[in-house]
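After this come two complexes, each holding chain A, first together with chain B and then together with chain C.
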Partner chain A sequence: MARQEKKKDVVIVGLGWTGSIAGIELAQEGLDIVALERGHDQDTVPNFEYPQQIDELKYGVRLKMMQKPSQQTVTVRRNDGETALPYRSLGSFLPGNGVGGAGTHWNGLNWRPQEVELKLRSHVRDNWGEQIIPEGMNLRDYPVSYDELEPFFTQFEKVAGISGYAGNLNGEIREGGNPFEGWRSEDFPMPPLPTTYDSAKFQEAAKAMGYHPFPASAGIASTAYVNPYGMQMGPCNFCGFCERYGCYQYSKSSPQTAILGALKRMPNFEYRTGSEVLRVELAEDGKTATGVTYWDEAAQEEVFQPADIVILSSYQLNNVHLMLLSGLGEAYNPLTGEGTLGKNYAYQMNGGVSMFFKDAEFNPFVGHGANGMVIDDFSISQNDFGAEGFIGGSYWRAGTFNGQPIRNMPLPKGTPSWGAGWKEGIGEWYGHAMSIGSHGSHMSYANNHLDLDPTYTDRHGRPLMRMTFNWQDNDLKMNQFMKSKMEPLAASMNPDIMQAGFKNIGAQYDVRPYQTTHNTGGHIMAENAREGAVNRYSQTFKAHNVFAMGAGNFVQNTQYNPTGLVGGLAYHTVHAIRTQYLSNPRPLV
Partner chain B sequence: MKTFLRIIGGLAVLGVIALLAFIFVPVQISKPAQELAADWQPEPGQGEYVMHASDCVACHTAEGGEPLAGGRAIASPMGTIWSTNITPDAETGIGEWSYDEFRAAMVDGIAKGGTHLYPAMPYENYRLMKEEDIRALYDYLMAEVEPVKNEVQETQLKFPFNLRFGIRAWNWLALTHDAGFNPVGTSDLQDRGQYLVEGPGHCAACHSPRTPFMSQDGVTADEDSFLAGGVIDGWNAPALRGEDSAPQQWSVEQLAAYLATGRNAHSTANGEMGLVVEHSLQYLTDEDNLAMAAFLKGMDGAEVEAPETFAAKGVGAIEIAGADDAGEATASMLTEANPDMPLGARLYSDNCIGCHFASGKGAAEIFPELQDNHMVTGSETKPLISVILNGAEVPGTAKRPMTLRMQGYADRMSDEEVAELASWLRKAWGNDAGQVSAAEVAAVRNADASH
Partner chain C sequence: MTDLPGYPSRRSFLKATAAGAALSGLALPASAQQTPKPVSLDDYQREYLNADEWAFIMAATARLIPSEGDGPGALEARVPVFIDRQLASDYGTADDWYMEGPHDASAEPARGWQTPLNPAEVYRQAIPAFNAWCQETHGAAFAELSPEQQDASLTSLQNGDVALAGEVREFWGLLLSNTKEGYFADPQYGGNHGMQSWVYIGFPGARAAYREWPERHNVKYPLGPVSISGERA
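On to the complex of A and B.
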């Protein structure tokens, strides 16, 4: 018999970015709120203290901030013909653990999607016709537009403290910014950070080729900063420890720097760590949720937490898993196209070119996760899908980041990976390498989906979630297109050695090497319950008092890092809850 | 001879009588400074507000203990004084105290039963409080605070300080000022600030110098020594007047922000001042923090212009200040980073520059300036050494909820290195203060270890 806690107005599942946003915005309504966090508590003080925090072996290699597979993981296969096996050693993606979640250990690359990315099916149909959409691709429009989300992107960027330079200010294109970005109602909250030598080199070469370089949009403070909640950031010192670490300098946008201190002061908010939600409980008629059941790690027992509103704000994979386990929708069937949960799982298609210059000193230890100059000349809005034979695009960036000694020693191909030859290679090339990265979109496909594994269970006896995922030709073609465009640019910089790394047609998904923690989809937004799990307000079609936040809402992944869209959607959702739902709880669509 | 003996005997008898009288004759209790109407009632919340303004919690709450239930050890030059339980518990608190007895404690330093309080209780300052505030505080403590049964450790000082009647003589020296408040009358705002600073805020308890008898040298605004700077337990409580003082260097807005949030464009509050912010000032209204700032600014006669608000939320980006003329040479040396630069500068580059920058200007509201920072250049070196060794923390406050923490470097630097760094800081960017020795560092490190 589960212990039962006192009923709350709102229960929040997971205290990362979206949980913190929901917490503070709904607490301002006077609601009585509890957030349940599976992991431990952590804050800038005392957890991220210098110099203990910048321990690459502990955090970078041994992944101290990440979820332990023994705690929770998925099984993975590439297609329906394979048997999925558990992801026992973190590689391809790194779900976080503890208060702050992925918002604590990210790199700080904060982007808005382009207008056309949110209406991509319409964009394709209007320009080239639907016949160019490959079979098996579930290309869709988002049920919200850029214009509707713009105030909420702005709000999130103010809270998170984003540095950059607007290229499109209310429709006016500004020299030095990104001419291809969606319009901004205001300039960035902070000016852009200075960039490093490799960025300057890239900028010069890109300009010479007629491209439009601009400083990356960074969730890294360039100045002292005070956000709308009174929370603060301090200017970044370019120490180079962002991704996989908490920031000791108060410089990286995170729930800790932007929200939690203010939220914890609110008397109507509490949070419990070591509290892993096992399922959302539905009322007998299945039309609303009554609360959640969680595992209290300290007491070693199940607890029922009743609540009027349930906010699912855990990591995308965990959100989908919880929804599948709780019956918050029907599981997606890729053969029939019926069902919505687990549908449109997507990822990211990345590549890049490394260059070695005998005579250049790049000081790769100087940098931050969102350092660098970027071009969007091959972004989704700029590509002729009909002519090139793919749907998608990417942004390119050059700028040293995470230049830590163990994992960041790029060497020319053919250099021995150990021993005297390796040492010689390091001696010759350390500090002389730079790279350009292509960060590309990933579409959604029938093949790529999430469901419950028939074989493996977690420590609570629940079926693990199964990921079926493989690279698809469309995105691989996009990647090869980027290679064909990037190599001439790299060559124009006259490196002594240059080598490209772009997956080619036929590449198979390999879960072992790290790629990106941009797992998206699975509880996608849609106009109706047949096509998606949640509506435009992230409200589940199944139970109107359950809201599912985060990248699980993405109908296909954009070419950018997901946080900006996640944050914008979260503010859009809590705004709808505050202005429409609380006064009259009901399906909002 | 007989006559002489008689005189001596008579004098001895008189002396004994005088001493007995000094010890046993009840002292005069001050009358209320104002008479309150018989039906006077405090405004709702007034008493709690006075409690915050008077910072009762900071002293009358033990580490991890119930608020106001006493038991905090307060270090004094005479020995450790244990704060008392001021919850209305009848047995261990002040539940049995009448209002007149309470007022006597606040104004004359005399507890129920006639015992003299040690002047760790700042009755020198509370004496200046308005009758209605003392009364509101009493009503609050009696009616709105839950009684907590907490027998606190009895204060046992060494001879002669254990003879509490001796304080009677001390009071003759210390309580030369009348009870009640006398406004200077510059403006309503400054008068309000003066009241809070002089009375409930008891700022002079730390920021005024002490006489040779350890009483406050400067209790009211009409004294030149008022808030001219003091030393408490090896920490400088900087002067709040004079050309180089923060109130003269900072704007009223910055002063108010410092009081309310523990941080401003220049500096951050830590140590004792951090506790004052945490337990008292952050709970005051914006108007009152502005009033205190305005009073301090105008104390030396400056024209005062007070802004409407301060420390607004959402102010956004605050530009980083570059080195000024006085700091330029140091900043250039650090930027060039020649390996031949002095050890102190190298230690600064390795450990401090990431937040405080080559300019020594830090970043507004988050990383304090080290140039012209009174803690860096103070006559007392213990605070600077302590911050380098142990770090510092600024509590989160209502307007600035972020807890700011500087980490300590005790594990990373030897006593010699800390001394080199501290000495260098005291001369960098135009700072001009004396050297710090390794022995001084060792003393702070060892004192920390023995705590």
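On to the complex of A and C.
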């Protein structure tokens, strides 16, 4: 018999970006709120303090800020015919753990999607016709538009503290910004950060080829800053420890830096760590939730937490898993197309070129996760899908982000991986290499989906979630297109040596090397319950008092890092809860 | 190399760490500047590895990152100490990993870690198996072979030409990555002794404060490394 806690107005599952946003915005309504966090508590002080945080082995390699697979993981197979095997040690993607979630250990790359990315199926249909959509691709429009989300992107960027330079201010294209971005109602909260040597070289070469370089949009403070919640940030010192680390000096945007300090001071908000939610409990009629049952790590017992509203704001994979386990929809069946949970799982298609300059000093340890200059000349809005034979696009960026030598030791091809030749190579090339990355879109396909594994279980005896995922030709073609465009640009910079790394057609998904923690979809937004798990307000079709936030809402992945869209959708959702739902709880669509 | 006006050259800096202390702006205790001389590798008290395993690790890491040429070798960096301590830690026992069965150790490598063994057990089972292969192929255990034979044996191991059970097929990858980790990790973990690996490549370690550096283009950063405990080199 589970212990029962006092009923709350709102229970929040997972205290990362979206849980923190829901917490503070709904606490402002005077609601009584509890957030349940599976992991540990952590804050800038004492957890991310200098110098203990500057430890590549502990955090960069042994991944001590990340979800432990022993606690929670997935199984992976590349097609329906394969037996899924557990993702036993972390590699390809790194879900976070503890307060702040992935918003604590990210790089700070904060983007808005392009306008056409939110209406991509319509964009394709209107310009080339639906016949160019490959078989098996579940290409969709979002049920919200850029114009509807614009105020919420702005709100998130002010809260998170984003540095950059608007390229499209209310429709006016501004030199030095991104001419291909969606319109902004206001300029960035902070100006761009300074430009490192590699970025400057890239900027010069890109300009010479007629492209339009601009500073990356960074969740990294360039100046002293106070956000709308009164939270303060200080300018970044380019310490080079962003991704996989907490920021030791209040410069990287995170739930801790931007929201949690203010939220914790509100008397109607509390949070409990070591509290892993096992399932959402539904009322007998199945139309609403009554609360959640969680595992209290300290007491070693199950606890029922009743609540009027349930906010699912854990990592995308964990949200989908919890929804599958709780019956918050039917599992997607790729053969029939029926069911919505686990549908349209997508990822990211990345590549890049490394360049070696014997006589250049790049000081790769001087950097931050969102450093650099970018071009969007091969972005989704710029590519002729009909002519090129793929649907998608990417942004390119060059900028030092870390010089941590265990993991960041680019060497020319042919350098031995050990022995005297390796040792000579690291002495010769460390600090003399730079790269340009292509960060590309990933479409959704019937073949790529999530459901429950028939064999493997977690420590609570629940089935693990099963990921069925492989690379698809459309995105691989996009990647090869980027290679063909990037190599001439890189060559124009006259490196002594250059080498490209782009997946080829036929590439198979390999779970071992780190690729990206941009797992998307699985509880996608849609106009109706037949096509998706949640409506335009992230409200589940199954139970109107359950809202599922985060990148699980993405109908397919954009070409950008997901946080900006996640933040914009979260503010859009909490605005709807505040203005439409609280006064009259019901399905909002 | 371009030196910064008013800064010592990197070479002279390395000879004068006191100047570096003044320039770094980090308030570190003077006592932190001396790295106590550690016990020799022969006298080191092992935490996990047995004597045969230790002999193998000493010999193998010495070929993976040899002492000759510029920069420290694995033995000067005390990489074997690092590996021993890691295998005795929660990394060696795979505490963070999902280790429930069933296991399919024959699954193709792209499916990731699928053996039922943890890293410490992989070393324990693989070293005698590899030594037996060396004995059969070259006439002696790995540690007893000539450097040329050792390099040839490691190449065979790397290329998958040494028939090892599926359960220990990650051995080569583990050995090589753990060796490089021990070479470059903060010295608190037992390797990268004296931060000499960082000095060699020009990584400033835990300095992590470069406010005035982003716009100093094509200028080599002049300061040597510091460790998390405050050592300087």
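Note that the second predicted complex is superposed on the first by the 589 of 589 C-alpha atoms of A that agree within 3 Å, B and C clash if a C-alpha of one lies under 4 Å from a C-alpha of the other, contacts with A are read in each partner's own complex, and residues count from 1 in each chain.
Keep this in mind: contacts are C-beta pairs under 8 Å (C-beta built on N, C-alpha and C of every residue); 3 or more make two chains touch, one makes a residue touch a chain.
Because the structure is a prediction, the values reported are computed rather than measured.
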TODO: Give one of first, second, both or neither to describe whether A:363 is in contact with chain B, with chain C, with both, or with none.
DONE: second
TODO: Pick one for A:197: touches chain B only (first), chain C only (second), both, or neither.
DONE: second
- [ ] Could you say whether A:239 touches chain B, chain C, both of them, or neither, answering first, second, both or neither?
- [x] both
TODO: Kindly classify A:231 by the partners it touches after superposition: chain B alone (first), chain C alone (second), both, or neither?
DONE: first
Open item on the list: Quick check on the superposed pair: does A:223 touch chain B, chain C, both, or neither? Answer first, second, both or neither.
Closed with: first
- [ ] Could you look at A:551 and tell me whether it touches chain B, chain C, both or neither (first, second, both, neither)?
- [x] neither
Open item on the list: Which partner chains sit in contact with A:265 here, chain B, chain C, both or neither? Use first/second/both/neither.
Closed with: first
TODO: Please indicate which partner A:50 is in contact with in the superposed arrangement: first for chain B, second for chain C, both, or neither.
DONE: both
TODO: Quick one: name whichever of chain B and chain C touches more residues of chain A.
DONE: C
TODO: For chain A, give the residues common to its interface with chain B and its interface with chain C.
DONE: 50-51, 235, 237, 239, 248
Task: chain A residues within the chain B interface of the complex - done: 43-46, 49-51, 158, 189-191, 222-235, 237, 239, 248-250, 257, 261-262, 264-265
Task: Parts of chain B lying in touch with chain A, wherever the complex brings them together - done: 311, 313-320, 353-355, 363-367, 393, 396, 398-405, 407, 412
TODO: Would you pull the chain C residues touching chain A in the complex into a rising list?
DONE: 2, 63-66, 68-71, 73, 91, 94-100, 102, 104, 107, 109-114, 151, 154, 158, 176, 179-181, 184-186, 189, 197-198, 200-211, 213-215, 217-221, 226, 228, 230
TODO: Show which residues of chain A lie in contact with chain C when the two form their complex.
DONE: 50-52, 54-57, 61-63, 68-70, 73, 76, 83, 85-89, 91, 193-197, 200, 235, 237-241, 248, 360-361, 363, 365-367, 371, 403-406, 417-420, 422-424, 426-427, 430-431, 455-457, 508-512
